[in-house]
Amino acid sequence: MTTDLKPTGGITLAIPAQPEYLSLVRAVVAAAAALDPGLGDARIEDLRVAVSEATTNAIEAHANLGSEERITIRCDLADDRIEVEVQDHAATGFDPGDLESPAPLDTPGRLDYEGGFGIPLMRVLADEMKIRSLDHGTAVQLVVYASPTAKD
Amino acid sequence: MTTDLKPTGGITLAIPAQPEYLSLVRAVVAAAAALDPGLGDARIEDLRVAVSEATTNAIEAHANLGSEERITIRCDLADDRIEVEVQDHAATGFDPGDLESPAPLDTPGRLDYEGGFGIPLMRVLADEMKIRSLDHGTAVQLVVYASPTAKD
Amino acid sequence: MLLTVRISQSGSWTILSVHGEIDMATCPQLRQEIVAQISGGNTHLVIDLGGVEFIDSTGLGVLIGGLKRARSQGGDLRVSRVGDRLEKMFALTGLGDVLAVVDLADPEQAQGAA
Amino acid sequence: MLLTVRISQSGSWTILSVHGEIDMATCPQLRQEIVAQISGGNTHLVIDLGGVEFIDSTGLGVLIGGLKRARSQGGDLRVSRVGDRLEKMFALTGLGDVLAVVDLADPEQAQGAA
């Protein structure tokens, strides 16, 4: 159980694993990102969506396991970037390695399946995206840079 | 050090003890309160101000002691009320008992002093307000009820 | 944080005007409304997104599901008043290639993909 | 989350039009601006609060400090365009009893306490 709030410089938010809290998570991300004057509105929106996707997956994983633990969202503001990590406590055995080459979104017939957009969207919306398996669940790290980067 | 996030049903937010984060705290309180359909806009505003006051005092106390620890804000939503607790990690020796009878705000000459509005405002804006001394600092609990109460 | 869905008619098209954010918390409501309309025989739907500032993949999934269901009943599902953010989401997911954007006044006339 | 303060003139009164939230993070900026005006000889100030949706006790303290400083120099500090929330804060703290609310067009004419 690593829900401890480490005394770093960042913001940590812990929420019950319920969909009702998604709008709150987005509000926190927007408010945190607004503290970084280098981040434009469009990039804040990108980050808001990416974090919402990661949190949605975490909520789903908790629901599948019936886990009552909370989900933690950590935001770290640095001069040149904002870094958000979503950590769940649902040890589903999910292996992010299996997702290394997801079907591109424009594959014919792709839309026959209603799901599976979350991780690809996080990948394109964030400048960096990493999924790590933890003993107790999954950690998704999303980074958005303040200055324009290769990713427009 | 009790910054642990207990797996309760509530929201916990931890922030660096810096004034820049006050607007984020207010955004979280507003977003949390918005999850409670029984709370009107005016009461949400009351709570937002009260929590802002408590967090301001916590930031001041940390600054006075040079404490690098974070401040935690816990929001618990119940059917009939929202409860917020602001906990700091600045053991200043502050004794809330000394404040039991603050000078009323309309005392003549009261305005000669620019400060000292925070705790009286919390008292009138929240339906309940309790200050507890902890080993490591101070905890301020603020409760606002969803249904209209004696406090309009 | 509820979604509101207002129903109106434009010729043979049923318009669902959505207000709010479409995410995992609110999408069951939209899905139910779409299913109810199609089950009730209104197979030609326009989702008016003018009041929607946020949609995520869960919300996009509901639109895809509605599109498939409408088409399977000989109808269609189109969208209208798509803002910049939603347009970006449609473009990134390829959903824009299959979902026609229409004018609320004339849903028959597709203005091109989202 | 910065405050913006726009300076203009109305007769012998200097108007500081504030936009943003006045709290511990932003009030040093407002305090500095008030002090600078008074030091520069503009002792008759109107704080236009039309763009302020939030003020807390720290912000109220800045207004009290400004009021005292202006009066000590033979001037005054008044407020204008006070919204419902700010009016409530003024009422609860008693600040409304000492701070005159004026019309921006005629700061001389106090409309009564906040």
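The letters A, B, C and D name the chains in turn, as written, and every chain counts its residues from 1.
In this section, a residue touches a chain if its C-beta (ideal position, glycine included) is under 8 Å from a C-beta of that chain, and two chains touch if they have at least 3 such contacts.
All of these numbers come straight from a predicted model, not from anything done at the bench.
Note on connectivity: the fewest chain-to-chain touch steps from chain B to chain D number 1.
Taking the mean of C-alpha positions as each chain's centre, the chain lying farthest from the centre of chain B is C.
With centres taken as mean Cα positions, chain D sits 43 Å from chain A. Centre-to-centre separation of chain A and chain B, using mean CA positions: 29 Å. Centroids of chain A and chain C (each the mean of its C-alpha atoms) stand 26 Å apart. In chain A, 20, 23, 34-35 are the positions where the chain touches two or more neighbouring chains simultaneously. Contact with two or more other chains is made by residues 1 of chain C. Across the interface of their complex, chain B is touched by residues 1, 21, 23-25, 54, 56-58, 60-62, 64-65, 67-68, 85, 89, 92-95, 97-98 of chain D. The residues of chain A lying in touch with chain C in their complex are 19-20, 22-23, 26, 45, 48-49, 52-53, 56, 59-60, 105-106, 110-112, 114-115, 117-118, 120-121, 124-125.
Those residues of chain A lying in contact with chain B across their complex are 3-5, 7, 9-16, 20-21, 23-24, 27-28, 30-32, 34-35, 68-70, 72.
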